[in-house]
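Next come two complexes built around chain A: one with chain B, the other with chain C.
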Partner chain A sequence: MRESRLMLLQYATALVAVVLVSIHLVMQGVVLPYSTAISFGNILSIYRNWIYAIFLEALLVVVLVHGFNGLRIILSELKQSRPWSTWIDIGTVVAVVVTVAYGTRTVILAVFA
Partner chain B sequence: MGAVGEEKARNRRGIRGWLNPYHYNAERWAYVFQRVTGVAVLLYVIGHLGDTSFFVGGPTGTGPSSSSWAFISGIVENSFGHLILILLVLVLVFHGINGIRLILTEFGIVFRSPSAIEFPYKPRALSSGQRSLIYIGIATAVISAIWTYLVLFEGMG
Partner chain C sequence: MTDLKLVVQRFDPFADFKPRMMEYAVPKKDGMTVLDALLYARDYIDHSIAVRFSCRQASCGSCGMKINGRPRLACYTQVAELGGERVVAQPMDNFAIIKDLVTDLESFFAKHREMMPHLIRADREEQEKPSAEYLMKPEELERVLQFTYCIKCGLCTSSCPTAATDSRFPGPQALAQAFRYITDTRDEGGEERLALLDDAHGVWRCHFAGSCSYVCPKGVDPALGIQLLKRHVMSGKAEHGVGAKVFTAATTPPLEGK
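What follows is the complex of A and B.
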C-alpha cells in the first residue's frame, strides 16, 4: 500500500479510536463504579451483549492497526533503506495479525464458550 | 568531518534527536510527546491484551474463568497498577487531543496562510489556534488523570 494511503489509514483509525476509546473509558468508572465495572459478572454480561462484543472487537482492531502503523512510521523515520522498510512492513503486518488474533480469541471464547 | 558529513550526522540523530530540547518550540515538543506517548500506549495495549485474556483462562484457557480472572486481578488491581492506569489516562488523553490537532494541521484546517518572511521571522503558518490545542490537550489530560485518581483511589464514579 502506498505511504500516503497508510497515513490516511493512520488518521482514519485515529479518529475512530478517539470515539471508541472514549466510550471504553467512560464505561469503566463513569457509567459504573470501577469495582463493579471490572467484576467478573459484569464483564461476562458485557461480552454476552452482541453490540458491546462487536464494539470491543472493533476497538481491538482499530487500536492495534493504529498503534503498530504508528510504530512503523516512527521506525521508518529512524532509518531509510529498502531492506529496513521491507522488514518493518512485514513486522508490522505480523504484529497486527498476531495481536488481533489473540485479542479476538479472548472475545470469541468470552462470547461463545 | 566535512559539511556534508555534519549535515548527514545531523539528519541521522534518531531518538537522541527527538530528545534534544535545544531550539524546540511547542510544536516540536508536542511531536516528541506524541511519539513517546504513542509507544507507551501501544506497550500498555499489548499488556492489556495479555491481562484481559485471563478472563477466559489465559493463553491456554478455554472459556470464562472466575478463578483465572481473580488471579490476574490480584496482580494488577493494586496501588501500583492503578498508578499505571492514571499515567495511561494522562498520556492517552494528550495523545488523542494532540493527534486531532495534527490531523487538523495536516489538512490545513488550523494553519494560517503563509506570507512573506519578515522580522522577527516567526513562522506565519503556525496559528495560535493550533498551538492552543496543545495546551488544551495538556490541561484535559491532567484533569482526566485527576478524575481517574478519584475513581480508582477515592471510589468516585
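What follows is the complex of A and C.
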C-alpha cells in the first residue's frame, strides 16, 4: 500500500479514536462511578448490549490499527534497510491481526457467556 | 579592545579518535563576523584549522556551521549579535565531518538532484529546444518565489530531527525544492516527483518540528513547503503542475533572441 494511504489511515483512525475513547471514558467514569463501572456484573451487562459490544469492537480495531501503524513509523525511522522495512511491514500486519483476533475473541466470549 | 575567545571543534577522522575543543584569542573588531574570526585564527594562530568559505556575503552557502549551538552561516553572523565574549564553532550536525568545520555534503546534493530540480516538459524535444519563452503570472511566481532563494547551505538539514535518524529521508531542502518545481505552472513533471516522495522514507517522515524554517538564513520556510507538498502527495496530483506555454507579443524565443 502507498505510504500516503497508510498515513490517511493513521489520521482517520486518530480522529475516530478521539471520539470513541472519549465516549468510553464518559461511560466508564462519568455515567457510572469508576468502581461500579469495572465490576464484573456491569462489564457483562455492557457486553450483552449489542450496540455497546459493536462500539467496543470498533474501539479495539481503531486503536490497534493506529497504535501499530504508529509503531511501524517509529521503527522505520530507527534503521534503514530493505530487510528491516520488510520485517516491520510483516510484523505490523501480523500484530494487528493477532491482537484484533484475540480482542474479538474476548468480546464474543463475553457476549455469549 | 578585548579579545574574543573563539572555541573551535577540531577533528580529523584520519588522525583523531574523537573531536576536541581548542580555544583561540582573536582581537575583536567592529562588524567582525564569525568567519572573520575563524580566518584570523587560521591565518595568524593555527594554519591547520579547516574551514570552507567562498562568497562572504551569504550567497554561496559554503560556510554553514553550528555557532553557539545553532546552525548558522559564519559569514552572516556577526560576533556582536551573539553577545558575550565566547563563540563556539562546530561542524553542522547530520553530516559526516571531512575535517574540523568542513562537512561532507555529497549525500545532501545527491538528494537534491533526486528531486529533479529543473523544469520538466512532457515534450522532451521541446524541453531541449524550447520554441518560445515560458512565462508565469506574478501571482504564480509568488507561490514559489521564497523557495527559489535556497542557497543549498545545508543548515535546514543539519537542524532536522528526522534527518538525524533516517538516512533515506530526503531532508527539508530537497523536499522544499520538490514543492517549488511541482507548484511551478511551467512544469509538467509533478507526477514523477510525487511518486518519489510517496515512500516510507519520503515526505511523510517530516513531523513538522519546524527547525528547518527557524534556521534558514535566507528566510525560506521549508516546513511550509513540506506540509503543502503532503497535500499534493495525498491527492496524487500536482495541482499547479500542468503549465501552459504562453505566447504573447513580448515573447522572444530564447534561441532566436541572440
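A few comments on the model shown:
By definition in this document, the second predicted complex is superposed on the first by the 113 of 113 C-alpha atoms of A that agree within 3 Å, B and C clash if a C-alpha of one lies under 4 Å from a C-alpha of the other, contacts with A are read in each partner's own complex, and residues count from 1 in each chain.
Quick note on the criterion: a residue touches a chain if its C-beta (ideal position, glycine included) is under 8 Å from a C-beta of that chain, and two chains touch if they have at least 3 such contacts.
Just so we're clear, the structure is a prediction, and the values are computed from it rather than from any experiment.
Taken together through their common chain A, the two structures put chain B and chain C in a clash. Once chain A of one complex is fitted onto chain A of the other, the partner contacts of A:76 are limited to chain C, with no touch recorded for chain B.
In the superposition on chain A, A:85 makes contact with chain C only, not with chain B. Touched residues of chain A, counted separately for chain B and chain C, are more numerous for B.
In the overlay built on the shared chain, the residue A:18 is in contact with chain B alone; chain C does not reach it.
With both structures placed on the common chain, the touch criterion links A:4 to chain C but leaves chain B unconnected.
Overlay on chain A, chain C versus chain B, candidates 96-104, 132-140 or 186-194: the clashing stretch is 96-104. Residues 78 of chain A are contacted both by chain B in one complex and by chain C in the other. Put simply, chain A touches chain C in their complex at residues 2-4, 7-8, 73, 76-78, 80, 85. Those residues of chain A that touch chain B in the shared complex are 11, 14-15, 17-18, 21-22, 25, 29-30, 32-35, 38, 40, 43-44, 47, 60, 63-64, 67-68, 70-71, 74, 78-79, 99, 102-103, 105-106, 109-110, 113. Those residues of chain C whose C-beta lies close enough to touch chain A in the complex are 162, 165-169, 198-202, 204-205, 233-234, 236. Note for the complex: chain B touches chain A at residues 14-15, 35, 38-39, 41-42, 45-46, 49, 52-53, 55-57, 61-64, 66, 69-70, 73, 77, 89, 92, 96, 99-100, 103, 106, 148, 151-152, 155-157.
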